[in-house]
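My structure is below; once you've seen it, I'll send some questions.
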Amino acid sequence: MENLETTSINTWCPGCGNFGILQAVKLAINDLISKGTPKENIVIVSDIGCNSKIVDYLNINSFYSLHGRSIVTAMGIKMANPELKILVFLGDGAALDEGISHLIHAAKRNSDINVIMHNNRLFALTTGQFTAVSPKGLKGKSTPEGSIEEPINPLELMLAANSSFIARAYSAKIEHLKNLIIEAVNHKGFSFIEVMQPCVTFFNTVQFYNEKVYEAVNPELDSREKALALIKEWNYNGEGKIPVGILFKKDRTCFEEESNKHLVKDKKPEIEKCLQTHL
Amino acid sequence: MENLETTSINTWCPGCGNFGILQAVKLAINDLISKGTPKENIVIVSDIGCNSKIVDYLNINSFYSLHGRSIVTAMGIKMANPELKILVFLGDGAALDEGISHLIHAAKRNSDINVIMHNNRLFALTTGQFTAVSPKGLKGKSTPEGSIEEPINPLELMLAANSSFIARAYSAKIEHLKNLIIEAVNHKGFSFIEVMQPCVTFFNTVQFYNEKVYEAVNPELDSREKALALIKEWNYNGEGKIPVGILFKKDRTCFEEESNKHLVKDKKPEIEKCLQTHL
Amino acid sequence: MKNKKDYSIIIGGAAGQGSRKAGLIIAKLFNNLGYNVFISEDYQSLIKGGHNFSIVRISESQHFSTREKADFLLALDANTIDKHEKYLEEKGCVVFNKDKIKREKGVGIASDTITKELGGLPIMSNTALIAGFSKAMGIEWKVLEDALKKELTKGIEKNLEIAKRAYEETKTVLILERIKANPDPLLTGNEAIALGAVKAGLDIYYAYPMTPATSILHYLAEHEKDFNIITSQLENEIAVINSAIGSAFAGKRSMVGTSGGGFALMTEGISLAAQAETPVLIINSQRSGPATGVPTYSSQADLLFTLNSGHGDFVRFIAAPGDANESCYWSGKLLNLAWKYQTPAILLVDKELSESTFEFDEKVLKEIKKEKASLWSGKGEYMRYADAKNGISPMAFPGNKAVVKGTSYEHDIKGLSVEDSESIILMQEKRLRKFKEMALEVDSLEAVKVYGNKKSKKAIIAWGSTKGVALEVAIKLGLKFIQPLVLQPFPKKQFEKALKGVDKLVLVECSALGQMAKLLNCNGIKVDKEILKYDMRPFTVEELEKKLKNI
Amino acid sequence: MKNKKDYSIIIGGAAGQGSRKAGLIIAKLFNNLGYNVFISEDYQSLIKGGHNFSIVRISESQHFSTREKADFLLALDANTIDKHEKYLEEKGCVVFNKDKIKREKGVGIASDTITKELGGLPIMSNTALIAGFSKAMGIEWKVLEDALKKELTKGIEKNLEIAKRAYEETKTVLILERIKANPDPLLTGNEAIALGAVKAGLDIYYAYPMTPATSILHYLAEHEKDFNIITSQLENEIAVINSAIGSAFAGKRSMVGTSGGGFALMTEGISLAAQAETPVLIINSQRSGPATGVPTYSSQADLLFTLNSGHGDFVRFIAAPGDANESCYWSGKLLNLAWKYQTPAILLVDKELSESTFEFDEKVLKEIKKEKASLWSGKGEYMRYADAKNGISPMAFPGNKAVVKGTSYEHDIKGLSVEDSESIILMQEKRLRKFKEMALEVDSLEAVKVYGNKKSKKAIIAWGSTKGVALEVAIKLGLKFIQPLVLQPFPKKQFEKALKGVDKLVLVECSALGQMAKLLNCNGIKVDKEILKYDMRPFTVEELEKKLKNI
């Protein structure tokens, strides 16, 4: 096992779902390294939020980005060096509120990064306000009478945005999540993993998920219809069972590879040639 | 007929699809006024782009917003005065690139505004670059070798974002568009109309649409499945027929109404009462 | 001076243990006994664990600052003692949870045991500690009982039972006597800002959560009905500023609040408000930067960014209050000025001001009313940007029998886009005239305050939350203290007056680059010395006194 | 002075008619005849119709400025004559499309008829006009033929046939003689910026289209293969700046370009680059504001916003070149400096500079090379933010056997988040030391240039595109002209030197509020008079001369 510890003190609340995710990530990174990915080629990028503290807890290349901007920062890293394997950690608030434009466009262009959305269904680090996936009626500090907005289904959105890999996990199923992360990394193209992550302090959903989450299999992984059916089983309010697993996967060309393909190693820029056209 | 002319000189290119839209809007506004909506209660909000010049050509309340921000500006107006009827005009670049976060969230929260997206499938005013709905391979000035990104389907995105009214139109079908606008205004909640609008200068699609566009009817307007089937007929590249008409409609509570409902007219703020709790 | 009563109490514990609430109750207790009260909060960017503490200063004279030394330490966990015992005055006393902490000295309270025995919830252990502490300080049971009844909303009976037991089990160490009669309301800077805006006619508050502005959102949301306003949390800060502009265009007074990074995202919108001449009030509460920085700590390093926020030629109103009274007054004033001059206005505060708790003088509210803006007469064709002599074109709103055209483009008087030279000059000059009026308005306000020894040749300058400590030390050392309140348009005349007779000017600021000195330089005022602190904590009285002693 | 050859040619037409291209061909013709050439473009925010024009100045001495008066007017439509005839010199001559325009005076060319008769496309009518114009100016057929062959990529044969006919049908009015031998390449400011960055090792350019920065994107995209770089258009400006920071973190030199509103959206990212110490070069090309303003017209009113862009305490490199040579040099220099000091750097230009066409001196390219940044030695455990003496911690990139931790939070030397006082002070002081080094670096560069009569007690100060006109008028009037090139860190010493002997300082700026005066004031330099222009057009030589005559 690779030692991934840092000197940072973990400050998540006891019982927080983020611990399970951290554990799964450690296992997945170890697995990737043991199967031949050099450790120095792995980069984790995080956003701002409780979830994002994960970069402080892993002794591996990382960039602790701005709130909502982890996905584009990650894309920039991949663009610069397509050899790198990129894991992005961000919250539902970051992915679906502040940073939703980047999430959709990264999926659309099939950026070869792996996005892991810690979905605790609220802004936790700012002490509990509703996000785009909070159930209607959530009593957060900004909505003491209950939020008036219906949640959106982020996986449906990802399907509409053409994400080439869509999965859902539960932070308490560590081995399962570990495997999803490995699959996502091995998938060439944009991968989106939503991890249902209870926030025990502001919105304790442990029991809710324990009851509702089940491991699902999409028999035809590249079927949008089948994927959509699974995705729509749960509506992010109270109703429905919650399938976890890979729900959709379909290969297509990657953004960074396409963007890099005309580059010639060590070629000097031909400025003089170009200046001729200016005479 | 209400005189909606202004002193501004129209600067759209001859043959531009925006003329058809302008005409349809004039007809729709006249119709609304003649059916009892006071003219002063209509507000049009536009973005930045060729399309957005429309506010200069209509002598009616308007706000010429920032690029990508017309939708939120409009929401703010509606929030302040729910009596007003709001039409928002913006381009595909504004709606799906710079401003996509607002489009999705306005649909999600069912803001009672009517968004008319002039879809010429590129940034026109900045002289022709690809947007989120440009076909792959589009040779714009920023992608002289052809853009490498697949387009997204904005209507599929709107469905995933829970838009309560989704329609598509074609700028050459003026009467049809006029009716859609009226239906949208009469729909309580968020309405999204995509208007296929040829840009004769940078991406002339007149013939393409003339051949492919057909008037479709969703027999079950509130069925997501049926809507999705129609929406997926065309993939924003070359393939498929292009259905126009109302493709989805389902009522639900509106954002601004909900936000306003606790207000009591002429009630003075009870500050003293509140100060008691601070002793 | 030191003979006057003046005590500092540190209440510390892990996040989630309730030290802040305990601090507030204790502050209110002493407020009820007639003490002046001030609370400063120190907390980390985490939800549970770590170390949070409140410094409660209670004193005969009013002070809005903290001392390095503490007289009492109320420890909810052992960590609190480790961290703060070294700052305890020689005669200081530690009050602690003796079930958690083993120690000899001080007043130990078996608060967990008591709570358990009486069948209370774990959090009620704090009640036992507060009660024990009160007893140790010689506070009468009645006073404590009243305070607890007011502050604790759940499980009153049980809490009182626990309090009583702890009270009885604890010995009195010294008696803090009652001083004067009437307590003042205690408000955080953010609460005061909220009230000021409401008093000036606030209709809608939009925000996206961001420390240290978030509590404005929370407070207004909690009182939405009381204040008859709308609060709305949107998808990001860009939505926030543009919606606020939309609402103002439709005639409603709107306000937004954020901090550095969110403020950055709003700057394009600020420029829009200037061009469209749409009023909007922005609360920018500074925290440590650059970027995410140390997000729950304070700083005064966004001054220059704020002063120059937004592209293009325009002038904003910017004010920087220094305590709750001023926060309330200036948030109300700026909302009114934004509407009078149809302009963006920015209230620049900081974490230390936003989240500290101050005594509030209710008279301030009386000074604020909703002032009328210049409205269209209803005659003739309405021209949104009519070429008014003073640059202020009367407003009308959609729905009002006028065609109202607002715009981000340069425009003619109607609001239609223009590109030609003459039209551009016309509108630029209309705005320039307005900026002149804005400068005149500032002359008529109390834009610069002077305190302390007005005859001293040495003056210190400090703004925002640094006012409290600067004022206290200035008085102590017999210096003049100048506080700029309005930062844009720059109150040049008032500054000149304030600086009369001063031959040495010292800036005290919580920043690394001395930003106020740059603003003053720009206006021809030379700062001779800068005392800067950039560990993102406020100056303590002792610290500043040492630095100012030999200037 | 006026004896030297110096002609101004206005070429105008509706958008879409090709007046800009015609102007460029004419400029190149004269460039080939040895003339110095400068082109200023005036166009509206529309795609077809309206009125666009180019002013081509050809002269024996080099001038990067325009005159109010024109010697020749080449009219593609009647509107051009209506708008510009009043500016024609007494002896001036109008060359026009006589199929479209009825008039007596001047040289009429039946360009539509010729084109039609010879079966050319409508746009080829411009070729006929250019040919007729050339003949009228006495240019040899051979020179014209070579130029057309080079410039016209489609339908060469047909174009030449049309040109020949028009050439033959037109009479020579005067003969503009050949001057010197070698032409220089003609570059717009934006093209020069692109080349400078490429020469300094640019790897990736990210952008979202925005006038007047867009042509950098277009130019680099066109030459992606020639330059062996990536160009990438993203979903918005926030994506642009953050991706660029990501790429730099991974070791690639990245640059972005935008204008006011887009720049506003990038300010949070600029603060991130400062905190994470990630190099990034931002091209900010000013246009008229506030907000959307007059989007295809120029302005210098984003200076203060740019100087103070981003929250928190930090220093950026900011340079403002005044012509294509300087644009090229400083874009290369800033990219190198960004990497040397791991900092955001901003090249501040404006529409008039970005889109005007200048003669370019190829020697400038020789002065630019990719300079090495400070890289990790590979020894010991890598610490991204090692507490280096000069504040510059050596860089390593992911993939390179080091654990590299970049961050937006305040951090320890490893890059892990911190909140305690000591750690914050350590990192703040590391950055402060770096800012000092940056200031020293500026001292070693040519940060302020002095031209004109160096002994004059009267000096004018101008920056950016205003340099050209200021320089010309200063020389004419025997004044000193001071051009600030580096604006941050402020080159105080060089300014002091430049100001020696000056007792009256006059600012010339295209803005309404005189922003450079504020920057100078901040640094203790008093500006005595401000000559401001705020119709979003550049000063003409005559205009400025008149204003400066009696200072």
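Read from first to last, the chains carry the letters A, B, C and D; within each, the first residue is number 1.
The rule is short, and it goes like this: contacts are C-beta pairs under 8 Å (C-beta built on N, C-alpha and C of every residue); 3 or more make two chains touch, one makes a residue touch a chain.
Keep in mind it's a predicted model, so treat the numbers as computed, not measured.
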Of all chains, the one whose CA centroid lies most distant from that of chain B is C
Contact counts by the stated rule: is the higher one at B-D or A-D? A-D
If over half the contact pairs have to be identical by residue number, which pair among A-D, A-C or B-D is the repeat of B-C? A-D
When the centre of a chain is set as the mean of its C-alpha atoms, what distance in Å lies between chain A and chain C? 37
Whole-Å distance, chain A centre to chain D centre, using C-alpha means? 41
Whole-Å gap between the CA centroids of chain A and chain B: 30
Quick check: what residues of chain A touch more than one other chain, meaning two or more? 48, 64, 66, 97, 100-101, 105, 132, 259
Hey, what residues on chain C touch two or more of the other chains? 44-45, 224, 235-236, 238, 261, 268, 272, 276, 291-292, 295, 407-409
Chain D touches which residues of chain B in the complex? 11-14, 48, 50, 64, 66-68, 97-98, 100, 123-127, 129-130, 132, 141-145, 201-202
Per the touch rule above, chain B residues touching chain C in the complex are 6-8, 38, 40-43, 45, 48, 53, 55-56, 59-66, 69, 72-81, 83-84, 101-102, 105, 259-260, 262-264, 267-271, 273-276, 278-279
Where on chain C is chain D touching in the complex? 44-45, 238, 260-261, 263-265, 267-268, 271-272, 274-276, 286, 288-297, 299, 301-302, 304-305, 307-315, 407-410, 418-419, 421-422, 424-425, 428, 431-432, 511-513, 515, 518, 521-524, 526, 534-537
Which residues of chain C touch chain B in their complex? 28, 31-32, 150, 183-187, 191, 195, 198-199, 203-204, 206, 223-230, 232, 234-236, 238-239, 242-252, 254, 268-269, 272, 276, 360, 362, 365, 397-409, 414-417
In the complex, the residues of chain D that touch chain B are 16, 44-50, 207-211, 214, 217-218, 221-222, 224, 231, 233, 235-236, 261, 291-292, 295
